[in-house]
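Should a chain be cited, it is by its letter among A, B, C and D, assigned in written order, with residues numbered from 1 in that chain.
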């Protein structure tokens, strides 16, 4: 089992997340796409940590732990924002939320 | 103090739990099919037809006057009057029901048939375990199934039955007095029809 | 390719694709939890037990549930959640294909990626705890601060309208 | 001799594993750990149902089930046959796949929790380094299956019940984990086996259980309250309140799937009780030093029985809470208490052993309890309730 396998899975995950975030118009699904991309990055970090020269340093693992913490904060704030926007515009479709277009 | 009430409640339930093992009077449950609570005297379920004496056909009090059939709110009584007559308890010739059916699946136990019956012929039974696997015929009771003896009536509703007996005895006495008076007068002509039906037809 | 890795990778990718392509939003989130669970499985395969369990606890236990709540609180207005501009579809596909191509090219051209699995390191939770309290204490404090700020911020954002209505 | 009886299942397992070819040895070894769990705990579930029904009956001055078998002991078999032969009804508009998956996922998640519970000396299915974290991680998966059940039924009662259940579980997960963090801090490990080993010593005849410290006792009480809420037991059973939500998220389930929900509820109750035993009550350790000759697994199951009886007793006593009371209790009482308890555990760790440590830490737990309790009861009129029309 080589490192490439994990990296390809992570790349696929990232591409799927990116495609979703670009294509879907529902704000919640865009957020889900971003979550997926973040997870792909986490997978990369863990894979590099495991295949790296000094796994005892634990840098990869701790980076992922912090990243999960950040993702939790991001999801909480992001979803709160979506709910606040929904209250205002009565939609979560990003195409209709365009009052700051200028 | 928070939690005080919880502790008190727990103590109460613990007392119940342990008490139910030591004192039998705490447990109010009656183990039904084996043990039974005595029925209240005023209990009522579905109507039955009272007969006097031993033979249910001879002693049937019902004269097929069809008042109950007309009064029954859910219309669950079906009566067919007989063509001939038979003597009743007082010895007078009366019609009798050739057919008397009660659909107990329709009956609502309102007791109106009992209230209106002028002959004290229909009363409320107390039997309640009546389930049957025959959905259509099993709950349509014919006159044979409905006929129950006066003794049974006395057994289930003693007070009520005593009162009924008094009424019937008074009736009988009245009828006898009238017969005696008729004999004493010795008038050959038949009596005019009295207004009250219970006051008896001329024998 | 070992069998557990293949199964878990297939489940993860399938979950992610389903999450991004299904019509029903709740189905999307349920598929997403499958992808998250698959990722947790991958972390376990890679010997990162603590991270794997943290992934389940945070992503499945909290983020998926939070997303579901958000969907139930906001749904019912949009008939079709997909982009309806053909030109945007084309440009999006190009972007995604380009990103994926670059990533795969980078993976394949790197000599690092052909490295085989080294013997598993002896990592205990104790070591992670010591590292968190020792070398990484500043990031830990910052994360704590960030989470507190996010908590307060989320509450204020979600409560704002209600307060104004009163 | 006592050693042999104590380890009999471990020896048996080793003996059995020694007789299979080496290729399948790990699989057989795992199977021999998993199959007893999957067999034993559902059996316990069956016993608990009849125990609960009889116990509740006695609390309410009734007999409880006493028809099937001697004293009604075979009642669970009758119940099982009844549920298995019932028709499996799926609502017409339900999401069929999710509707099917929800109970399966729920039972799977609750069973997974047993993997890290040490039910006896050397008797644990998986001695994981992050065992406690694993337990709470799979515990949090139940929320998702509850949501799946409620949402896929397409029934507003189910959805409301599921939403209530999730809100309740998330709220009470915080004090649950925080109160167990005290033990993790004191033991310095996340492995359940090591936590039990740390509590297995004795001072005189008394054991070193964490419950016999001020923070341990407070943590234990908080943990049990949160565990009651987490397993949706009365008085926190409002997600499935029969009188308000007609059984909540499993309204639309029947037959075997309903039985699975029922099973999962009791399995969850048992597993979280097992976790409380592991964290606070010394796991399989004997409560007094001269009782160590009794096999360790008997001690574990004895303590489990004690906990289940407690759950039944609580259920027979307390009325159901209201939603706002539930949330207030979680966030305004449980959470501050758990946080203060965390600090207390730290103080206990760093103070020298002695009477002073006991005094300080007890004060640190009792004072907030009294104050928070006062604050919690403030503004509540608790006089005898009067009814306008009934009297």
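Worth a mention:
Methods note: contacts are C-beta pairs under 8 Å (C-beta built on N, C-alpha and C of every residue); 3 or more make two chains touch, one makes a residue touch a chain.
Since the structure is predicted, the reported quantities are computational estimates derived from the model, not experimental observations.
Which two chains touch most often is answered by the contact tally, and the pair is A-C. Taking each chain's centre as the average of its CA atoms, subunit A and subunit C sit 5 Å apart.
Averaged C-alpha coordinates give centres for subunit C and subunit D that are 30 Å from one another. Subunit A and subunit B have Cα centroids separated by 81 Å. Centre-to-centre separation between subunit A and subunit D, using Cα means, comes to 34 Å.
Multi-chain contact residues, meaning those touching two or more other chains, do not occur anywhere in subunit A. Viewed as a network of touching protein chains, the structure reduces to a simple linear path. Going by the touch rule set out above, the chain pairs that meet are A-C, B-D, C-D. Listed in rising order, the residues of subunit A touching subunit C in the complex are 1-9, 11-20, 22-26, 28-29, 31-33, 35-36, 39, 42-43, 46-47, 49-51, 55-56, 58, 60-62, 64-66, 68-77, 79-84, 86-88, 90-93, 95.
In the complex of the two chains, the subunit C residues touching subunit D come out as 26-27, 30, 33, 49-50, 53-54, 56-57, 60-62, 64-65, 68-69, 72, 124-126. Taken in their complex, subunit B has these residues touching subunit D: 1-3, 6, 9-10, 12-14, 16-17, 19-21, 26-29, 31.
By the touch criterion given at the top, residues 1-2, 5, 9, 12-13, 16-17, 19-21, 25, 28-29, 32, 35-36, 39, 42-43, 46-48, 50-51, 54-55, 58-59, 62-63, 66-67, 69-71, 73-75, 77-78, 81-83, 89, 92-93, 95-96, 99-100, 103-104, 107-108, 112-118, 121, 123, 127-128, 131-132, 136, 139-140, 143, 146-147, 149-151, 153-155, 157-158, 160-161 of subunit C touch subunit A in their complex.
Per the touch definition, subunit D reaches subunit B in the complex via residues 55, 58-63, 313-314, 316-318, 333, 369-370, 372-374, 376-377.
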